[in-house]
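You will see two complexes here that share subunit A, one where it goes with subunit B and one where it goes with subunit C.
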Partner chain A sequence: MMDTKLNGPLPAKPSRWPFYFFLIGLFAIVLISAIYIGANPLTFIQNSDNMVDLFVRMFPPAWSYIATTTPAMLETIRMALLGTTIGMVFSIPIMFLCARNIFRLRWLVELSRIGLNVLRTIPDLLLAAIFAAILGFSPLAGIVALSIFSIGIIAKLSFEAIENIDNGPLESMTAVGANKLQWIAFGVVPQILPHFVSYVLYTFEINIRAAAILGLVGAGGIGVFYDRALGFFAYDQVLALILYTLVVVIIIDLISLKIREKLL
Partner chain B sequence: MSQRDQLKKARARKRGKIAIILIGLIAIYVWAISGIEFRGIQETAGPVTKNILKGFISPDWSYVYSPDGEDLIRGLLETLAIAIAGIFLSIILAVPVGLWAAKNLSKSFITSQSGKGVLSFFRTLPDIILALLFIKVVGPGAFAGMLALGIGAMGMLGKLYAEEVEAMDPGPVESIAAVGGNKLQQLAFGVIPQVLPGFISATLYRFEINMRSAATLGLIGAGGVGTALIFAIQGRSWDRVGIILIGIVVVVLIVDLLSSALRKRIT
Partner chain C sequence: MIELNDVSKVYSNGVKGLEDVNLKINKGEFVSIVGLSGAGKSTLLRSINRLIDISSGDIKIDEKSITSASEKQLRMIRRDIGMIFQSFNLVKRSSVLRNVLSGRVAYNNTLRTLLNLFPQKDVDLALKALERVNILDKAYTRSSELSGGQQQRVSIARTLAQEAKIILADEPTASLDPVTTKQVMDDLKKINTEDDVTVIINLHFVDLAKEYSTRIIGLQAGKVVFDGTPEEATSEVFEEIYGRSLKEDELLGEENL
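Let's turn to the complex of A and B:
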């Protein structure tokens, strides 16, 4: 028999104070941050005529600037393409090293993962700024920066895909005496190839966006023109550039999405 | 016999398809490589690389903290503050827009689609470009960076919020409506409790991205540790570049670890 009292006193409600304290703490952190960086809404309101002025001067967009910047836009696409490709090539060995079900050497896998995580913390623009200092102000700096940046994304997504593969084919290959390379080539690769290609395309989409701004730190592409147009306060040109980049990004996204849908 | 022919044909077709794809790929790469203007690597590349590596091995530890003026800790704190204040601004902006864009909360298709359109427009604007524009409005500094991140993150957060709302269970909302709850009550007691964990998780994820973005904002004059980095690069003080990069990596790693631990606990 259950000994439940039907009309007994209700259990006390859990105190809500910890939750309130947590919220207050959160707001305090936000407030301190805002004060620390001098975020004053008044500054924004006082300068709102600057904002209005900026918007007014943006229209109509300087459409002729699109023709001027097309070579740079093509360079941007080239940079993204080559950066993604080089990154893809280098990410192949790294992703196998990071997958727990491929290499049984625990320390090697963990070390590779730490290395990959450290690599992923460095933003693309910082890499570009450093490589622009090493290689000079040229698209080459952008390509190298994007390659390294791509390794982080592709290897991370791919090694997670590798860890989720079906073990059956691998076991049967081990059973018939395949060596490690055969094991990877015929057991692992066919299973992850569609995912891998899809991740490469996804990275390409990210890289197009990244490549469009690398020029701001001197690493080639259309970003150089943003700097120039803003320097001359030519906001109509800036708007033309923004719209141009937007259209190119959307078109490439659509193509890439179509291919990815077919793959998976 | 005919079956074998069919198989042969299928195989030939498949090979043809692969050949076309390969030719297309080769054409794209020829176009890409031939178009890159290769001016050769400048002679200083070797020594500069050596100096950067040396800078990493023996970084300028004295830069970590100096009692007066610019140092690494202050730069990193400013970066963190930009990311926190920025994410707060984007939460305030993204919640209404996200609810507006959610299919299952609005009656007409046009309402939610227009919300989605607004969000995807903001998603395509890079943070850095926004920062450049805000610098023109409020002047260079961390405030411009914070506004850029706030607006820039709105697009992505709003989309994630809308998806979270669309994936929720309609039951609780219906039962609140059945007992006579108004729209606001439905939102407060039917929608919010269901989507809150998802919202928090999406926000934390975006915060990780904000940290990286905030670290780069200084490169163009919008505050944070990037300012110190670009000065160090321009001044060729590689030991300082080394310590700044180490600082960024450590802080971003800590934020990533904390955030992913929190996200795992929530969902």
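Let's turn to the complex of A and C:
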């Protein structure tokens, strides 16, 4: 066997304590948050009667409601489709403007990022409520809200993908005398295209779920029926809607996942 | 003709890349640049097509200053200078043909190139370029499926399609095996003699430099310490450039070729 005795001194082993402190700190923050909010696990037990009552009233689900709500479900899917597509188109210039390796003008990049972050901080439901107030209670409000919401997701994920691309092809495009647009089209686009398409599909998945509840604030789609059923305490209808939405979401997620697997 | 007049480059971290470099390189020369890592070989090469901006001095390509060229003039000068890199720098997801055609973008209007509508004569030129480096059969293959040597030949084809008058090659064989190295060097030599294209190449192996070039330039700490023919570049000269005697790994070795 090899002689494993070292000739020189061993470098000092890095301390594990910072990591333990971090864990303890994190636990403390969670605990303090729970105390301030008054989250008491006992509430579940104390209110178990309500829960049982709700479940009882949910069964059997009102299957006939599915036929009634199918046009609204289709409208939800269309809203998500349009919202994602419009969002995709607008996110293209924004994602290039936000990437440090594309535009060297620091102020331009930082300004674009601030703009994108502002977009991203507005919750989708708030966007829908605002546009429902502006454009009227219609699917259009939902589409606009979803478009803006989509820009936030697609542009954010894509500009990070752009910043991680291989610099080599960019250098060779500079060397052949390409202008900025050609440089992007030949050096950047082929490298990010699969990622970009994957992010668009992922956003579509999120938008289906988001579109399903936008109706709660009057922005069209299946959410309008959720609002109605909940308002009438028709829990059997609510359950039918939940199951219906679940099936649609699962099917679309599966299709999208399959396509994304093929791409990457 | 390429002229470097009092060219210096100081990087923002204070490192001197080049110091008072004066060179004249005539059309049709095959120039090898040798020196230790960090001697300024890459800096010199990248200054010529302004991938790196120099700190002082002037560089002229065929009487036109690239140092003071406007954006548009710069693109037109770069159009005539092909570049080959150690890491090939192809877009691996794109087809071989598209990579070669990317050498034609500066000849066409932007919209056409964005829509991938290259004129037929450009496509013909790209295919002919691939034939000249013996990989025409790979035209529609994805570049990532090619071996290192084949990828490097694609980038040579790109410079051919570009109808470059000058080829800058930055350690083009450093990631290739000895046999492929020879093929790539032969391709470059062939283009140099048949098309009268000026080749400036950074080389790690001094015996390759002696075998292929018509002129060898030795760099040491950003300064030109040798400039002469391969015959003049004796072992003593290389020892001076490298500051010590040559090591085994600085020779490719004839028996490998």
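Heads up, the rule we're going with is that the second predicted complex is superposed on the first by the 216 of 264 C-alpha atoms of A that agree within 3 Å, B and C clash if a C-alpha of one lies under 4 Å from a C-alpha of the other, contacts with A are read in each partner's own complex, and residues count from 1 in each chain.
Keep this in mind: a residue touches a chain if its C-beta (ideal position, glycine included) is under 8 Å from a C-beta of that chain, and two chains touch if they have at least 3 such contacts.
Since this is a predicted model, take the numbers as computed values, not measurements.
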Answer with first, second, both or neither: which of subunit B and subunit C does A:A234 touch in the superposed model? neither
Examine A:A175 and indicate which partner it touches, taking first as subunit B and second as subunit C; both and neither are also allowed. second
Between subunit B (first) and subunit C (second), which, if any, makes contact with A:I206: first, second, both or neither? neither
Dominant toucher of subunit A (residue count), subunit B or subunit C: B
Touch check for A:V197: first (subunit B), second (subunit C), both, or neither? neither
I'd like to know which partner A:I92 touches here: subunit B for first, subunit C for second, both or neither. neither
Looking at A:A62 after the superposition, I want to know if it touches subunit B, subunit C, both of them or none. Which is it: first, second, both, neither? neither
Partner subunit A, residues of subunit B touching it in the complex: 28-29, 31-33, 35-39, 41-42, 45, 48-49, 52, 77-78, 80-82, 84-85, 88, 124-126, 128-129, 132-133, 136-139, 141-143, 145-147, 212-213, 215-216, 219-220, 223, 226, 229-230, 233, 236, 241, 245, 248-249, 252-253, 256
Quick one: which bits of subunit C touch subunit A in the complex? Just the residue numbers, please. 49, 51, 74-79, 81-83, 85, 87-94, 98, 102-103, 105-106, 110, 113-114, 155, 158, 162, 168
So in the complex, the part of subunit A that touches subunit B is made up of which residues? 29-30, 32-34, 36-40, 43-44, 47-48, 50-51, 54, 74-75, 77-79, 81-82, 85, 117-118, 121-126, 129-130, 133-136, 138-140, 143, 209, 212-213, 216-217, 226, 230, 233, 238, 242, 245-246, 249-250
Along subunit A, where are the residues that touch subunit C in the complex? 166, 168-169, 171-179, 181-182, 185-187, 190-191, 193-194
